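Listed below are the structures to be examined.
Same chain, two partners: chain A is paired with chain B first, then with chain C.
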Partner chain A sequence: MGLVQVATNTVTSSTAYVDLIGTTTDDVYMIVVNGYIPTSDAADLRARVLESSTLNTTANYDRAFLSIRTDTTYSNQANTNETYYDLTTAVGNSTGEQMNGIIYLYNANDSNQYTYLTAENVQLSHTALTIGNQGAAVFTSNSQVNGLRFYPNSGTIASGTFTMYKLSS
Partner chain B sequence: MATQEELQALADQEIEDAKPLYKLVNNERLEFTDADYAQAKIDLGNDKWYDQQFGYIQARQEAYGSVQEQLDMQYWDGVNGTTTWADHIAQVKSDNPKPA
Partner chain C sequence: MSNLILIDETTVGTPANRINITNVFSADYDTYCIQVTDTLAGTQRENNSMDMQLINSSDSVVTDTTYDSEMLFARNFSGTYLNIGGAGRNEIAILYHDNGSQNGNGNMIMWVFNPFQSDTYTFQVQQSSGRMSYPSTTEIPHMSKGIGILRQQSSITGYSFINRDNYNINTGTFRTYGLKVG
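Our next item is the complex of A and B:
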């Protein structure tokens, strides 16, 4: 099994969202987010699916995440029927603060199945708190998903590299 | 407390003030389309409403001491006849009030 790069976007100046397009086969896809820094302090990174490169904003996003924190034990981040995936917890943008993580996408290309994802990331929050987010999410609609859109919940993306790979057998 | 319409108006203005906004699609940097701006306004308006109505939940979760800290407070309250734990909980609730 090998990794085949499908798409990559490198943000170097204020950008409101990033589209990663290319889940065109029934393989598993891996997305690497490296060095996400928001322009607004404490901005979460969110994601939505793209169908034929068109954004889906319906309330079909379920997620169950655990935030492992250095200031307290942990916190559950779980929601059903949201209109987006929330992947982080208030990422900071002061010196050294950013988020890095990996997402695996399953069944995206299959129009007869829900799209599943697992995700893990590490971040420094706006209070320089180290947080590890680990979890999973499901887009509860039988549809053909051809990519993901990443965007912050406030402000824009200041920098970061978003790369999608296909796990080819 | 602001109505949803008032918050949406604020969101609309914030997006207008933030123009131009850009997106990156397969590494090509493009200015937002009208549809992108419309969606950004909806999202920001919804976020403002959600934060106003439910933001206190997350804020309280982050402000409460850990289970270990709270158990320690309760132990020493029992020993000393103090109200440290109850005061802590009340303070967190007071600092992060539930919308009326």
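Our next item is the complex of A and C:
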């Protein structure tokens, strides 16, 4: 198995969002989020699908995550009919605080299927608490998705590298 | 051509309590994938495991309590996840296994973020599976999903596994890949 890069974007100054475009085949795609830091403390990292590079904001996003925490036992995080994929829990922007993670995308290019993802991430929250969100999410529309947009729920992205790879033989 | 580049492959030759994998993290990559396969301990024990620690640029193992680590641990003994870990630990991850007579293989895939950068903490996400002994000598399968952070702004160049109770690590292969951007 190989990982072939199809898109990357490194943010080094305040940026509203990052688009990763290039899910043009029926392969599985992997996205690496490295060093996401929001400009606003406690900002979640969210994502939405792009169809022909156009943002889809409809209430078609479901998720089921386990939130792993060092201060208490894990919790379930589940939502249906949201307007975005919610990937994190209040990421901080003080010293050392950031989020990193791996996301796999399935069936994005297939117009006859929902678009699925699995994710595993690790972060320091705005209270310097170590949290990991691991789980799955679905965009419940039969449509052809050609990428994802990443954005914080408040403020902008201060820094981070977002890279998408195709899993190929 | 793949952007996932094999940096190092180390197979345990001589059994030892600690296995160090040195000089694998560098300025060449920011994201790494570590694959650990077929580890076996030298001695049977209930809840046998290895702690993973990091190695700094002075080739010293970071053994103090500046790690946070937490994992959901499922084993074929109870129907619920165990939460293992917390803040202020002295390991960034734990891999359960046991000796060969217990078929106690340990396997893990871990993604490591920004270990070499001296101005960031080091982060990891991992998942593991294998077989272990619990209770006593009863062989059972296990799996985990976990996270960890080294809360040090220091340059990390490698990693280390140490078996509990001074038991040896008899077998295992440790592969380290760098993920190229651009």
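The definition used in the following text is that the second predicted complex is superposed on the first by the 169 of 169 C-alpha atoms of A that agree within 3 Å, B and C clash if a C-alpha of one lies under 4 Å from a C-alpha of the other, contacts with A are read in each partner's own complex, and residues count from 1 in each chain.
As a working rule, a residue touches a chain if its C-beta (ideal position, glycine included) is under 8 Å from a C-beta of that chain, and two chains touch if they have at least 3 such contacts.
Treat the numbers as computed from the prediction; the structure is a model and nothing was measured.
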Checklist line | Clash-or-fit label for the pair chain B, chain C on chain A | finding: fit
Next item on the list: Classify the contacts of A:Ala136 with the two partner chains as first (chain B alone), second (chain C alone), both, or neither.
Entry: neither
Next item on the list: Using the touch definition from the top, say if A:Leu55 reaches chain B (first), chain C (second), both or neither.
Entry: first
Check: When the two structures are laid over each other on chain A, which of chain B and chain C touches more residues of chain A?
Finding: C
Check: Touching A:Thr161, do we find chain B (first), chain C (second), both, or neither?
Finding: second
Next item on the list: Could you say whether A:Ala64 touches chain B, chain C, both of them, or neither, answering first, second, both or neither?
Entry: neither
Check: For A:Thr8, is the partner it touches chain B (first), chain C (second), both, or none of the two (neither)?
Finding: both
Note to self: Going by the contact rule set out at the top, does A:Val18 touch chain B (first), chain C (second), both, or neither?
What the structure shows: first
Check: After the two structures are laid over each other on chain A, how near do the C-alpha atoms of chain B and chain C get, in Å?
Finding: 11
Margin query: On chain A, which stretch or stretches are contacted by chain B in one complex as well as by chain C in the other?
Written below: 8, 10, 71, 73
Next item on the list: Enumerate the contact residues on chain B facing chain A in the complex.
Entry: 18, 21-27, 29, 32, 36, 39-40, 42-44, 46-47, 61-62, 64-68
Margin query: Please output the residues of chain C touching chain A within their complex, sorted ascending.
Written below: 1-4, 30-31, 68-72, 81, 83, 85-87, 111, 113-114, 120-121, 123-125, 127, 145-149, 151, 153, 179-182
Next item on the list: Under the touch definition given earlier, write down the residues of chain A that touch chain B in their complex.
Entry: 7-11, 13-21, 55, 57, 71-73, 75, 83-84, 153-154, 156
Check: Which chain A residues qualify as touching chain C in the complex?
Finding: 1-5, 8, 10, 32, 34-35, 66, 68-71, 73-74, 95-96, 98, 100-102, 120-124, 130-132, 134, 161, 163, 165, 168
